[in-house]
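Okay, so subunit A shows up in both of these, paired with subunit B first and subunit C after.
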Partner chain A sequence: MAVKNEVNYKNEKIIEIANITKVFGNVTVVDNISLAINRGEFVTLLGPSGCGKTTLLRMIGGFETPTSGTITLEGKELTSIPPEKRPINTVFQKYALFPHYNVFNNVAYGLKNQLVPNGERVNKDGSTKQLYRHYTKKEIEEKVNRALKVVGLEDYGYRSTNTLSGGQQQRVAIARAIVLEPKVLLLDEPLGALDLKMRKEMQLELKRLHEQIKITFIYVTHDQEEALTMSDTIVVINDGAIQQVGTPKMIYDEPANAFVANFIGESNLIPGTMPSDKNVTLLGSTIPCLDKGFAKNEPVDVVIRPEDIQILTSTDSKAQFTGTVKSEIFKGTYYEMEIDANGYEFTVQSTSGHEVDEQVGLYVEPNGIHIMKKLRTINEFYGEVDKDNLIWMCKGDFDLIVPEGLEKGDRVKISVPFNAVELTDDEEDGVIGANVTQSIYKGTYYQVQVYTDTDEDFFVDTPYEWDINDRVGIKLNKELVMVEKYEEEEEE
Partner chain B sequence: MKKGFGTILARIFIYVMLAVMYAPIAILIIFSFSGSSGIGAWSNFDFTGDLYLDLFQDASILGAVGNTFLIAIISSIIATIIGSVSAVGIYYLPKRIKPIVSGMNQITVVNAEIVTAVAFMLFFIVCFGYMDGYPALIISHTMITIPYVILSVMPRLAQLNPNLYEAARDLGSGPFKALTSVLLPQMLPGIISGFVMAFTLSLDDFVITLFNKGSGIETISTLIYSSTKHGIAPAFRALSTIIFVGVLAVLIGINIFQARARRKAIKGA
Partner chain C sequence: MSTAVKTEKKKPRFVFKRSFFSFPYIALNILFVVIPLAILLGYAFVGQEGEFSISNFAYFFSHIENIKTILFSLLMAALTTIICFVLAYPLAMCLADSKINKSAILVLMFILPMWVNSLLRTYALQNFLIDLFGMQRGFLSALIGLVYDFFPFMLLPLYTTLSNMDKSFVEASYDLGANKVMTFLKVTLPLSVPGIVSGVMMVFMPTMSTFSVTEIMGNTNTYMIGSMINEMINGGDWSGSAAFSFVLLILVGVTMVISNFITKGRGEAETGVGGII
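Moving on to the complex of A and B:
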């Protein structure tokens, strides 16, 4: 099959994506992504809808042309090769089976297009020419039946595709792609249209199939559980950029940033600081951890998984936090509780339940605490002084404190702490308008990311929850914002 | 079950509607079997097939019938090809442009026919000096029927899985083969009904034909119109009956064909 030198396949790069950017109109969907995929790997592109993962997959398949950057397959540049000439096949989101063909002819469709070497012809001048032929009827029949057997549909060849269940249609779509023995198989949310039970079954089946046929799989999904179950490598994507690449265990245990921690599994995300190596201060307590190498008192994000928190009696001296059980839900194999401690609502999973209003102590082992660098600690913008003590930035006139000695037209750097930004429900009430692109609950407040019409991001700490994609207005608290003169460098 | 007064009223309404719709045609058919030139007087109704015999001996009528069908066949075939290809093009347009183009397509559908007719006449004079006869009629009939073909093909495309064409490309077909082997079979019902619509529209077009035919060429509709000046020749009753029966037969044929195709699809299950 596709893999001949299996010995070193894990280290051999099959696909290399270099600085790929895709812009639709004026929206950058994929933003300068670089990624290498090893031969035989099961790679999952994971991210929320609209993050650019499907666009990236479609560029590998040849259905979209990158705005810039290159994709190479086994060292060969793919960008200008049309999809029908790429040794890559796709399983589409809603199967895309051909309704006018039966199952057999759906699977045979690609084989009828394929050419196989058929000896050489010696020309008069002595040069040789490679000859090709189509598959014979018998060869096609053998291959189709073998592929149908692999997906467990041996006796379904004569059936019309619209009489099959969703799961069976999915299998036909997979058979139709793998029968061509592609070097890479692309799967675009293939299980999205199936019900939960079927989805779980197909997850295991896909995993088994991958082990059996040893083709490189690139799988797109927004379902983190699916990604964790099946993948060798997960690529977490958000806002068109890679957030983290790693094995499922790495991604789960050591999320690179708050986005990954929040997206993968349930987690308690708490702001903290690092007073010294292997110690972290959060919610007023300083507790031991395993992370080091941060600046003294550097602000960080702390991730604690719900299953890593132990519940003790409130008087236990080991307790790092004490609090009250707010709610308790039995989830079949464990209890999930909301426990209010030190002003933060912890989500805790435990095999033993606790009564609501019970006083408890909480303890986390050092290896259950994951420290992440803050993505950004302050918003920085550049603008210029406008008339009447106003600063012109992001196409809005902000009322800020302009330092002495600056004149109209001077370039300035504006540093805006997250808590200096005020969002308004009505866009008109703000100085400029923006879209909410992300909202992460940090225990005591929400960290919201908004995207202005001038392509700038504002990070905002706010006590209120904002809905993603809402239009909001932006106002700044001038007491907290720092404006400095900005000496232009050559780059600017 | 006892039927309410409202139900009975609704029934009566429907029957009256149907009667008013079909009575004129019924009368036409009945009087096509009478040689009498005075319609409406039952006293001199004589049951004969003379009109049908006259019809097949009248060279001007037979000529007009030939012209009408020739123009309808050529223009509807061209319109079906252009319309189907355009529908695919429109379907794959970017989301923002798509509604604009499909809206533009409908302008000619809702436009008053007399305006289109005069516009075509001016167009032929301005652009070609002067044009009439077959070329003018084939061009104008093709152009007015293309939007109807597009309108009947587009809904079929909209029902398709959006990745179908890409799936064919993915499995090794070039753009043309993907179109003919995957999209075309799916579009076929829409293409056929688009063709039938284009054909009948061209067949019974009067206004545009009258303005653009020039002299020396007549179609059925213009011939009937010009003959009304000295009373409609009785033979036209026979002709109209034949056309009506012909259209009816085609309609029934299509319905039977579709029903059979549907049954076959279910049976394949």
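Moving on to the complex of A and C:
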């Protein structure tokens, strides 16, 4: 396409998002996100469904108004500009091709609305006024045909859109957006409706298209593989907040936290501690790594990718762990094995297979070990003393041990270790109800995150797997919970 | 695999198909629509001595008053339809907008009159407009009565079409630089054609043949073909009224064919309701 981006500075910021928050009703969908996007970049917003990525995209497109914060395009504030005046175009999730127009008229739709400068008129008082005109029929025809050629649908102009396959409709939607030569192209899960083979083809095609037309792409997906294949930069989003921004390689090799590690690719996620710089203790062994700067014995999460684990004989002195092969599956180019070592079931990928029940040793190079700070080590809440040893917090009366000398109405801080929370299947059995938002397997237990109706997150260590979006009840083990008097800080 | 083979061998003599559910309706349809229509057609061709004759039709078309009444009925139906459409479309757009209409209660308020018998409603309107406010019976009051009676039948299909319409079409139009007016003219309006056609037919057809509303709300100047047929039946002229009804049927049939033709051209859009046949 003829986007004349001769000055294609990769490091020039085109879009700046500053402290954007979006609240629907009483749910915060996007929570204080700030992000800069460079010109010509292929940026992917990646996250599970409901994480706020589509809402963020819709705010850039102008279809939602942020509750607070600003979005600027090339230094100009966008927030108050309606979508039809933004030099940004969108490829919609279900394409949204106009069913009453054929392919040609769908692509031409935007051009017919566009005005182009057409000389200047000199007024009587000597001032000049910029004149505009619509595109001529011939110009529109040329542009549409060029756009259709770019997406490989040259001879489809006369076709009705509902006679096209999903992939072809997708291409028309892309042609319709790029024909306007936008500064930024937004793509909202555009490949979601296609089958696997078509999706893979379109991924490569989109990547090629991006290189060809050099427009900034902002792409939304929940498919981590898609993100890794296509993007220059991936923005991992969860719970309305950015978890990590980086190149695909950075995100994959150095996930910032347990969520990212779990969401991107397969991984072994093991709790550990840092006895000293460049050493990590996990599953009873202390092994070398490359990370430093943690407090002594700080609890951390350790990520080891399945392909970074080498399998040795069980007697090899290099072996860091020894274990038994539990299962082995041939996956075409590699074997995937579950290996039980030191009470943790490692997922290992290797080009050579090993028999089930075989004793093996495992070894990981220091650069294969990724240390992440724990998101949270304890749940902290604030509440107040209710009558009879009850604590009122998160709109529930919890039966906890109230320290001596506290009276009804006193403000308290409640520290709840992850293992002090008990989830109940039936919401009625718990003191309060909550939704399961995340469940990460940590080798010997699941770390589950639940979200209460009072907008609080509980982190829970539990031996059971809980389904995301399930309603559960929350109970607390009063022996493990600590309640302290909370003095409100007087900052005035 | 083995179970599939077994069932094939034991082919039951009677298989209950889903199409069987339509049989009661087909039976009712034949009994109460097809047969009466055939009888109607038969009566229409019966002369004064009981012989086969086209005299009833000849009578109809040879009297200018009859043609005038038909044309007046067409005009009345067209006016009612246009007024209903102009009133209902903006309202349907508001009701379909979830930002304005947060619950469906508003819609219910407009549909609620349909729960009351139309004769009752018409008498209520007569009481209100003519008896209470002293409005003159005539063309205007008859028109108000018709619009009042048939308005929900226009609103409902429009509301259904507009609220089922994928909002991303409108968003896509904004995204491609069209302003609100252009988006309405080039996207919303064309995509709601199926709803418009059903609304128009649901209002036009019954208005064309109505007699109760114009008789309660109008005067001798608002004499419509429905009233004419009603009078003939009351006078015992079965053959004449059958012929008149048949003419009316043909007229309504023609309008249906025309509107179906319009829907076919544009209404391939998968946006909810289509035409009624």
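Please note the rule applied: the second predicted complex is superposed on the first by the 482 of 492 C-alpha atoms of A that agree within 3 Å, B and C clash if a C-alpha of one lies under 4 Å from a C-alpha of the other, contacts with A are read in each partner's own complex, and residues count from 1 in each chain.
Heads up, the rule we're going with is that a residue touches a chain if its C-beta (ideal position, glycine included) is under 8 Å from a C-beta of that chain, and two chains touch if they have at least 3 such contacts.
Fair warning: this is a prediction, and the values are worked out from it, not measured in the lab.
*Asks:* Using the superposition on subunit A, tell me whether subunit B and subunit C clash or fit.
*Replies:* Taken together on subunit A, subunit C would clash with subunit B, as the superposition shows.
*Asks:* Touch check for A:G61: first (subunit B), second (subunit C), both, or neither?
*Replies:* Both subunit B and subunit C are touched by A:G61.
*Asks:* According to the stated criteria, A:F217 is in contact with first (subunit B), second (subunit C), both, or neither; which is it?
*Replies:* neither
*Asks:* Considering only touches as defined above, state whether A:Y109 meets subunit B (first), subunit C (second), both or neither.
*Replies:* both
*Asks:* So in the superposed three-chain picture, is A:F42 touching just subunit B, just subunit C, both, or none of them (first/second/both/neither)?
*Replies:* Touch status of A:F42: no partner.
*Asks:* After the superposition on A, what does A:P83 contact: first (subunit B), second (subunit C), both or neither?
*Replies:* A:P83 contacts both subunit B and subunit C.
*Asks:* Name the contact category of A:L180: first (subunit B only), second (subunit C only), both, or neither.
*Replies:* A:L180: touches subunit B and subunit C.
*Asks:* In the superposed arrangement, does A:K94 touch subunit B (first), subunit C (second), both or neither?
*Replies:* A:K94: touches subunit B and subunit C.
*Asks:* Figure out whether A:T163 sits in contact with subunit B (first) or subunit C (second), or with both, or with neither.
*Replies:* First partner only.
*Asks:* Based on the A-chain superposition described above, do subunit B and subunit C contact any of the same residues on subunit A, and if so which?
*Replies:* Touching subunit B in the first complex and subunit C in the second, residues 61-63, 82-84, 88-90, 92-94, 96-100, 109-110, 113-114, 160, 162, 176-177, 180 of subunit A appear in both lists.
*Asks:* Can you list the subunit B residues touching subunit A in their complex?
*Replies:* 161, 163-164, 166-174, 177-178, 181-182, 185-186, 265, 268-269
*Asks:* For subunit A, which residues are in contact with subunit B within the complex?
*Replies:* 61-63, 82-84, 88-90, 92-100, 102, 109-110, 113-114, 160, 162-163, 176-177, 180
*Asks:* Could you list, by residue number, the parts of subunit A that touch subunit C in their complex?
*Replies:* On the subunit A side, the touching residues are 61-63, 82-85, 88-90, 92-94, 96-100, 109-110, 113-114, 160, 162, 176-177, 180.
*Asks:* State the interface residues of subunit C toward subunit A in the complex, per the touch definition above.
*Replies:* 166, 168-169, 171-179, 182, 186-187, 190-191, 266, 268-271
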